[in-house]
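Heads up, there are several structures right after this.
Both complexes below contain chain A, partnered by chain B and then by chain C.
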Partner chain A sequence: MADKKSLTFVLMDPPFENPRTTTALRLIDLAVRRGHDVNVFAYEGAVYVAFAKQTPHANAVHGRDVEQEDHPIPKDWVAAILAEGVKSGSKIDWVQCGLCVDERGAGECVEGPRRGSPADLLKFAETSDNTLVIPTK
Partner chain B sequence: MPKRILQVVDSAYRATLEEQDDTVLWITQAMKGAGGDLSVLLRGSAVNYAVRGQDASGLAFGGKRQTQPPRLAEDVAKLVEKGIEVFVVSDDLAERGLERGDLIAGPKAVSREELPQLFAPYDMVWHW
Partner chain C sequence: MSKYLLIESRDAFESNDVAQFWELAASLARQGDTVTLFLVQNGVLPARPSTRSEALSALTKAGVQVLADEFSLRERGIRTERLAAGVKASPLDVVIDQLAEGRKALWH
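Moving on, here comes the complex of A and B:
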């Protein structure tokens, strides 16, 4: 890929709270599908985006059981993006802010993300073509 | 040469009681410690971080007292001590009835009109 870029995304929101999480993952997914290398720094509540214990539920208001409901689960989106990276040749480095993980008890996440620190974010920023911060408001 | 990063803090007092600090000021100090070249611009309600005399102590739930409150003005002063330039938007101060004498020493006031020139030398501007 001649114009392969390295892009860093900083996420801050927890899942299931506002549309920024979905929007951020759509941007990351698009970059990965196009074969760009992607770094993600999950800061504060965003460490829960890849949290392994997220569980889909049925929805009586919708009148659907758990299978029919196909409840969106962000950890599955993260796993799918990581799998897409293998197909597209996109190198994905997803870092979970370690202190943010500890204070939330969010140590269990899907396979792929690693524990890190602000030093990883600095390294990402220094080595990327660009960095996008998507903060909690 | 490290890339120059300007951290624009707009959302103020975002979980500061739980975190005991502003998480952007915190990560700025941490990244500076890792060798980064960072500055901070306080705008909107975040200009209040530079106001002296803030006291967030006294939080208690039942018998559980929180002994270490956030100290935002001290944190801003520490940034300056560590060589991190801190700017505050003067128009945002004025809109909130704040004057220069209300602020701690260290932060530099810039007007909204001056922001493009302020942004220009930075490699990255991160809007939090």
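Moving on, here comes the complex of A and C:
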């Protein structure tokens, strides 16, 4: 990819609560599909976006089983993005803020993200071509 | 002159500070900067002709490129052929293009 860039996305929101998580993952997915190198710094509630114990559920109110409900699970989206990176040649460095992880007991995440600190965010901001901070409201 | 990408995710009917973000876009354009205002999530609601859309159209006359995320429009049942004057539907890819281009990006 001739115009390969390095883009950093900073996520703060927990999953399942607002559309910012969906939009953030859409953006990261697009960047990866285009072959850009992508850094993600997930902090505060966003460390739960890749949390491994998210579980799809049925919907008794609407009489749908787990398969019919097809509940969207962010950890699966993260895993899909990481897999897409292998195909597109995009290097993805997904950092989970360690302090935020410990506070929330969110240590178990899908394979790929690594534990880090705000020092990683500083390094990302200094070394990438651009940074988009998606703050909580 | 600088190039800016301003991303508005909030509903102008819900948050009064949306108008301030729009004014920031207009101010930057007036001083000669290149500005894209990208509407996403509930930020696309004023793109449907309404009491707030006139101000959005005024931005385009001030030189701001105003784009509305196609997916967000579709989610909310807003037809792309009936957007406020000057506002154009756009795929989210534009955000990646402009980030890669090095634009100064601000999310609200």
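Rule of thumb we're sticking to: the second predicted complex is superposed on the first by the 137 of 137 C-alpha atoms of A that agree within 3 Å, B and C clash if a C-alpha of one lies under 4 Å from a C-alpha of the other, contacts with A are read in each partner's own complex, and residues count from 1 in each chain.
The criterion applied here is as follows: a contact is a pair of C-beta atoms (placed from the backbone, for glycine too) under 8 Å apart; a residue touches a chain by one contact, two chains touch by 3 or more.
Nothing here was measured: the structure is a model prediction, and the numbers come from that model.
Superposition of the two complexes onto chain A shows chain B and chain C fitting side by side, with no clash. Once chain A of one complex is fitted onto chain A of the other, the partner contacts of A:44 are limited to chain B, with no touch recorded for chain C.
Residue contacts after overlaying the shared chain place A:135 against chain B and chain C alike.
Within the superposed three-chain model, A:126 lies in touch with chain B and out of touch with chain C [touch as defined at top].
In the superposed model, A:26 makes contact with chain C only, not with chain B. Once you line the two complexes up on chain A, you'll see the smallest CA to CA distance from chain B to chain C is 6 Å. Contacts of chain A with chain B, set against its contacts with chain C after fitting on chain A, overlap at residues 130-131, 133, 135, 137.
Of all the residues in chain B, the ones that touch chain A in their complex are 2-3, 5, 11, 14-15, 23-24, 27, 30-31, 34-36, 124, 126-128. Chain A contributes residues 3, 5, 7, 19-20, 23, 26-27, 30-31, 34, 36, 129-135, 137 to its touches with chain C in the complex.
Taken together, the chain A residues at the contact with chain B in this complex read 10, 12, 43-44, 117-119, 121-122, 125-126, 130-131, 133, 135-137. In the complex of the two chains, the chain C residues touching chain A come out as 7, 9-10, 40-42, 71, 92-93, 95-96, 99-100, 102-103, 105, 107.
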